[in-house]
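One chain, subunit A, links the two complexes that follow: it is found with subunit B in the first and with subunit C in the second.
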Partner chain A sequence: MTPAIPTAPAKPEPSAAAPRPARRSLLRSLGIGLASLRLTVTLLILSLVMIFTATLDQVHLGVWGVQQKYFHAFFVMAKLPGTDLSLPVFPGGYVLGLALLANLITAHVWRFRLSWKKSGIWLTHFGLILLLIGEGLSGLLQRDGQVRLDVGQTRRYVESFRENELAVSDVTDAAFDQVVAIPVERLLGQATIQHPKLPFTLKPIAYFPNATLHPRSQMTNPPPAVATMGDGTDLIAESAPITYKPDESNWPTAYVELTGPEGTLGIWLVSAILEEPQGFIYQGRTWQLALRARRDYVPFTLTLGKFTHDIYPGTDIPKNFASTIQLHGDDGRIDRSVLISMNNPLRTGGYAFYQAGYANNDRTSVLEAVRNPSWLIPYWSCALIVLGLVLQFGLSLSGFFRKRAAAVRSVPSSP
Partner chain B sequence: MNKNLPLVLLVLAVVWVACTLAPSAASGPFDLAEFGRLPILADGRIKPLDTIARTGLLMLQGRQRVVAPDGRQLTPDAWLLDVFFRPEAADADSVFRIDNSEVLTLFNLTRSDGVGGVRFSFNQLQAGLDELDRQGRLAEPIDNAARTAFQRGVIELREHIGYYDRLKFSLEPPDSADFDADLSDAGRLAAEHAAFTTMDTLSSLRVIPPAAASVNPGDWESVGHSMLSAAAPAEVDPHVRLYALLGHAWRNSQPDVFAATLHGYREELLRRFPAALRRSDAEAFFNRAQPFITSLFLYVTAFLLAVISWLVWPEALGRAAFWLMGLAFAVATAGILDRMWIEGRPPVTNLYSSALFIGWGSVGLCLILEKLHRNAVASAAGSLIGFGTLVIAHHLSLSGDTMEMMRAVLDSNFWLSTHVVTVTTGYASTFLAGFLAIIYLVRGIFTRSLDGRTADALARMVYGIVCFATLFSFVGTMLGGIWADQSWGRFWGWDPKENGALLIVIWNAVILHCRWGGLVRQRGLMALAVFGNVVTAWSWFGTNMLGVGLHSYGFTDAAFNGLVIFVASQLLPIGLAAVPRSKWRSPASAGGAA
Partner chain C sequence: MLARLRICAAAILTLALAACSDRDITAYRVPKDPSVAVAAAPVDPDAAGAQPGSLHWSTPAGWQPQAASGLRAGSFLAPGPGGATADVSVVTFAGAGGDVLANINRWRGQLQLPPITAAELPANVNALEEPAGHFLVADIRGEPVAGKPASRILGAWLEEPSQVWFFKMMGAENVVEAQKGTFLGFLRSVAAGAALDGVPHIAETGPKPAENTNDLPHAAFVVAPTEGAEAPSLQWQAPSDWKAKPITMMRKGSYAVSRGGADADLAITAFPGDVGGLAANVNRWRGQVGLDPVDDAAIGTVTEAFDSNGLHFTVVDCAGSTPSGPQRIMAALVPWQGATWFFKLTGPDDLVKSEKSAFSEFLRTIRPK
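Right after this comes the complex of A and B.
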């Protein structure tokens, strides 16, 4: 006996059923189109192509560059050869994600009936919707940075990996600093920046997202210095292409002119390359200028007590890194010692701190800090999807075995 | 006869397997196996000297067999003894494999000078070593991907020569005529001080066990390091003397002294490090038994039997194929369990073990499928995949010790065992669906053997396996996300390997949706399943070849060529699926009408 094999679709697609185009409203045809499995398959294949291309492109752009170009973008843009014109050439992660979301939701509203047999599919798809939303939220909400700590050092802020700021600090008072932080994006325009806490205005003269600094004394025929004040009077900033390589950094650099009511105070060269802030005195108060990684202040302090870096004997393969951190909350309610090691992060105050690396002959511990309010969503969605898939395939498997048992019973002599 | 055939074949195979497990007959007066079992510390773990000999030979020349200039076959342990104690003899053995002809010109050699055209001895290379070093330094600053075949060949050979040199400096200063005598001579010791410094920096083999009751593996020492703190003969560590005595016995053909020294040392080890000794003994046994090679031959036999069973004696040969595949599976299982016990790790820790596990998982599924369907199709697919993955594993083992230590970020048994094992099972089942589909297409188009019943059974198998693959590749990928979130704070980072795993999930979802939506029938399902092989191969190997991201392990030219050939070989059956059903040699059945 040959059992009937359900190779044909268990449920024919609505569009394949006898259509009555004349009476079909626009909404209805739109719904059918959006809910169709053809669209699902098309979108999945488009995602496949996009992910594959993006993976190949990582060789040139690095992981972060690829995320910006493909996954966290509505469209993948490409320059028309020979021009500066960028054209969308392929749907990006946002478009594909949203389209899949729309397809899934419409399909459920339009086509699926609640039934025990469909419960697995329901759960799986609901989990998938949640997963897509979660990934979208992560893209929008996640902020990450690092905390570099020498043994004994205390920090109360997280430094961004890629975002920078121009910090103008009034350090006259020994007890505290008053800082005005200007995102470097504001330096892109030529508009003068005025702030109520600053007795002078700042005017960006030039801004380079990445630059190298050359001492004028070492150049043959050096051009005249742009900076008139501070450490940059003997330096020339030269613009450099933005790098995406994981082992290289971009060094944002700018020339800014400070102007008080009585006229210009001079032009300063500020750059992330210059580690020390540049100080000057104006109207009896001491000021500092620094272009640095953006700082997000947290309501607690981290103090590095001890850092250990184990290797396997006779090799240089790292076995474990661990930082002993004293955690102290501003409200005085938290004061404890925690051990952060590989696969063992510290979660506190909405942040998670991970052991990321080390520097400085094991004297400096580098912690990665991530804040993502939606970090639990993938856990929930995965649980739902797994449950759904197990239910779905379990039901078909038990159906298969029931049929098989029936077949064996009806033809006992069959091998 | 034909009824008893499966049983006869099974008994023969079991006897053969038993033979591979039996201790090999001594090939000479020296107890080489006993020497090979001595534990030492290298690459961060305690392992037997036998592993050093075998992985060293695999790395240098791609095989474990050594033929001495006089035509004698040397066991890996005998070769290692020569390298340690009779370097002048080892220098004449052709153990350097050189594939690139341009590299040979550095030494004024031609193919005809080498054994088999590719293997050369240290003596043959010696005159050109300075030029090799110069060329190596020229090639070094160039990015690996941008190097020419010649430059890669130079870098590789230079590393191999360096490795061989370090081995020579492990136990004795190579210039010493009789180190055993030197150890009792204060003047000789002082004269050799510079050599000890060299030995200390060069050798990575720590053969001297810790002095006191220390159990910290970090306290094992190299001979060079130990000798640096021994100014007078009285201060020499007894174990340095012991190895020197072994060397003396080896050079002067004194098997009795050799055996007695070994015996005494083992007694001490048994008393002080019973656990380490048990493991290194098990590893030496594992090295010699080579269960994966045994399993490989059994898979080939099972595959041939399964294919022949479609033409003659389906019942008997089909059963024989099933049993042999089962035996091969059992041997591979024992091998994997043995590795897990030696390492104290879950089954998948690196690319090598992933190959073993993918094969193991596929064959396991095939055993179940074959039990259900009994048409030798699953036996054929399973033994083919089992064979293929073991061949891949063998090639991956050529780059060194396959039980390497885990980097800190990967050092988590919980996530290794959940994420890696699940995602690898996903790979295994996707491959299985693809290979079953190939069998469907080839049998349907070229033979008349694909009747309606077999076709439907195959379609059901492929569909079922794709469902299974979807579940496991999805769960595995998501567990990877959770691991990433736990370890470095992001669930998903679009790393190449992550993307690769995601591609497998998406592709399986595409297959399922196409089938549910009636976009494909049997023929289309098979074509899609075969493409699953391409996606999986990309994810498994291709992503590692990009050299970016956390999962990149480095790769070889051979692996890249292998991938290209594999992809091409898969596109062929996909193209065949385009042949209309009416042109197939097998008649169309009701179920396979489309």
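Right after this comes the complex of A and C.
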């Protein structure tokens, strides 16, 4: 969250001592309240409290968990002790951000007047408004993911770090796959899932945000298998606590039942742990089920030609990571070799690809992919704020010099 | 004044609405990913006799083809007396399919039978020469449970250079007995052949998570690997003539060592804790090459230890005879950061023996990342 600078009131705050208008409408009261400097201060204090609490809570939730609970939420929710009931206990980042934005905009529309003398303040505040909007847009529109490439491997999609989907793919066509991607949140309920592209329906039987799988053959007195088809017929899924640790992953897992017009087709166990999709043939077409990281396909391909991991001579201290990527656009207009290294990202197709890491004994390069249509807004806002401050101070300075010159001129010369 | 308020309200409402978003089901068409191996596809119930992969077979009369799972290349119901049926499956894995003892004991576990030792293997496995190659066959009878008839597994596997095929019939004892001749005839019908158009080649799927379970004592799927630059890891430098293989979820590294038409497999895995301790691991490997276990006191006589790059290595070299020929396992255990790393070279005795110095040099290159 970006704190806003308290707006300087152009008019004195209404006080109890001030004469009240005879007929103040409700809207007028609302406008005055929304433009109030007291509201600004209150919101800033609430923001401080929220940031402080969220910082402490990072111990339990980690960075991502805190972002979701406090900053990317309208309200901070907490469970009523002894129950599963969640109640809002504090305004979240979206409420505070929107309220600060509303406060700033209303203060300008309500109280400020356009004038050359105040142009610097206008520009500065406009920059602040833009900054708040940019932060909101980033929270809503930014998508982070990764592309993992072995040397010689080609990818055309970005995989999400945290979001998962159940992909139901018709892979019959030799050249194309028809994919229906179902967000895993849809598996939380028991509602049957239908889609025009699917000749069958899917009914979630159970969903675990994190789970482990146990082979029944290695369990003593194993429970009966839930899955009747696929790789899960000899596996039992066991729910596991959600982890927020940055170096651990959750393994979402679900049981889904497929049903065609002729009746049930079976129950499948789908899990992010199972690396390969599970196939089956239905009505003469080959289908695949896979619970996987959410994929965002891009209209180009990335092929890793070479990965270098340099260290300082005589040490194990990393000096440089770099991936030589062959970028090829689907329309054939782009086909070039690009070097992605630390602080030297590739920007293409709305994405920025950063060299983020490596794995597999230096044979796999990990690129972080960030798509943020509003990534330029903070630069523009900062430029506007700087311009506004320079203008405002410049105007004050010139006013000061003018007054001093006038004062000098007005002093009578000594005899 | 009202106009100003309307402007404010409109701006705030627009922003508030923009903040509301919900992920929805999406459908799209994408070109096939050239880097992704084609996934397994089972047999279409309507396409009886379809045989994916490089093997094909003749479906015996009376067997009902079934819609099968992703791991199954073939699935049938074999009829028996009184309308009972036995389940017949054909499953293939890329790479090695585990050792003979592990396969037998896995099937015994499915029948609630205790595992057998390597010394008992010869009495439990038979070899069968068929047109497709050298099958190993096991006939395992379970115990009757709670008045139900005993279950029985008649299983066979066929190892090819890059994959292993499992053929298994499982059902009530009398049904399997009635279908035994048909099942053996089914094995005889297996022959090399091309995959049908439009049916993905199951052998191209790469090793499944179940692969390498001989190194995963009772915790194969419980381990959540944390692969990535952030996770504590080791690094190494493999000899230039070892060919890197694709990594699976369970393997940190994988190499093929080939010479003179023979192939050995080097697997690098890591699991939390001591994974049963030194003796348990050493004896498991000894059992895999048909050697008797040694007790804790004698474990030092069959292992060597050394320190390198701040790591403590315990090296095992065991050779023995298995139904598929003389085999050797050369392996090292490295406890590090609360986990145990395994570097295990498995293959024909002659080949693994010739790689001994290369393996030793390879171990010296291992260091914390």
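Everything below uses one rule, namely that the second predicted complex is superposed on the first by the 318 of 415 C-alpha atoms of A that agree within 3 Å, B and C clash if a C-alpha of one lies under 4 Å from a C-alpha of the other, contacts with A are read in each partner's own complex, and residues count from 1 in each chain.
Heads up, the rule we're going with is that contacts are C-beta pairs under 8 Å (C-beta built on N, C-alpha and C of every residue); 3 or more make two chains touch, one makes a residue touch a chain.
Predicted model only: the values in this text are computed from it and were never measured.
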A:213 touches, of subunit B and subunit C: first, second, both or neither? second
Partner chain in contact with A:410 - subunit B first, subunit C second, else both or neither: neither
Touching partner for A:396 - first (subunit B), second (subunit C), both, neither: first
Partner chain(s) touched by A:249 [first = subunit B, second = subunit C, both, neither]: second
Partner chain(s) touched by A:59 [first = subunit B, second = subunit C, both, neither]: first
Partner chain in contact with A:102 - subunit B first, subunit C second, else both or neither: second
Shared contact residues on subunit A - subunit B and subunit C: 246, 356
In the complex, subunit C residues that touch subunit A: 1-2, 4-5, 7-8, 11-12, 15-16, 18-19, 21, 23-35, 37-47, 67-71, 106, 109-110, 198-200, 205-206, 208-210, 213, 218, 220-222, 224, 226-231, 235-236, 238, 244, 246-249, 252-253, 367, 369
Interfacial residue positions of subunit A with respect to subunit B in the complex: 2-3, 5, 7-13, 16, 36-38, 40-41, 44-45, 47-48, 51-52, 54-56, 58-59, 62-63, 66-67, 71, 134-135, 138, 142, 144, 246, 311-315, 317-321, 342-343, 345, 352, 354, 356, 368-370, 372, 375, 378-379, 382, 385-386, 389-390, 392-393, 396-397, 400, 404, 415
In the complex with subunit C, residue positions of subunit A that touch it: 27-28, 30-31, 34, 74, 94, 98, 101-102, 105-106, 109-110, 133, 136-137, 140, 150, 153-157, 163, 171-172, 174-183, 185-186, 193, 195-197, 212-215, 217-218, 229-231, 233, 235, 246-249, 251, 265-266, 273-281, 284, 286, 288, 297, 316, 356-364, 366
Interface residues, subunit B side, partner subunit A - complex: 41-45, 204, 206, 216-220, 372, 374, 404-405, 407-409, 411-412, 415, 452-453, 456, 459-460, 464, 467-468, 470-471, 474-475, 478, 481-483, 485-496, 499-500, 502-503, 506-507, 509-510, 513-519, 521-522, 525, 538, 543, 546-549, 590-592, 594
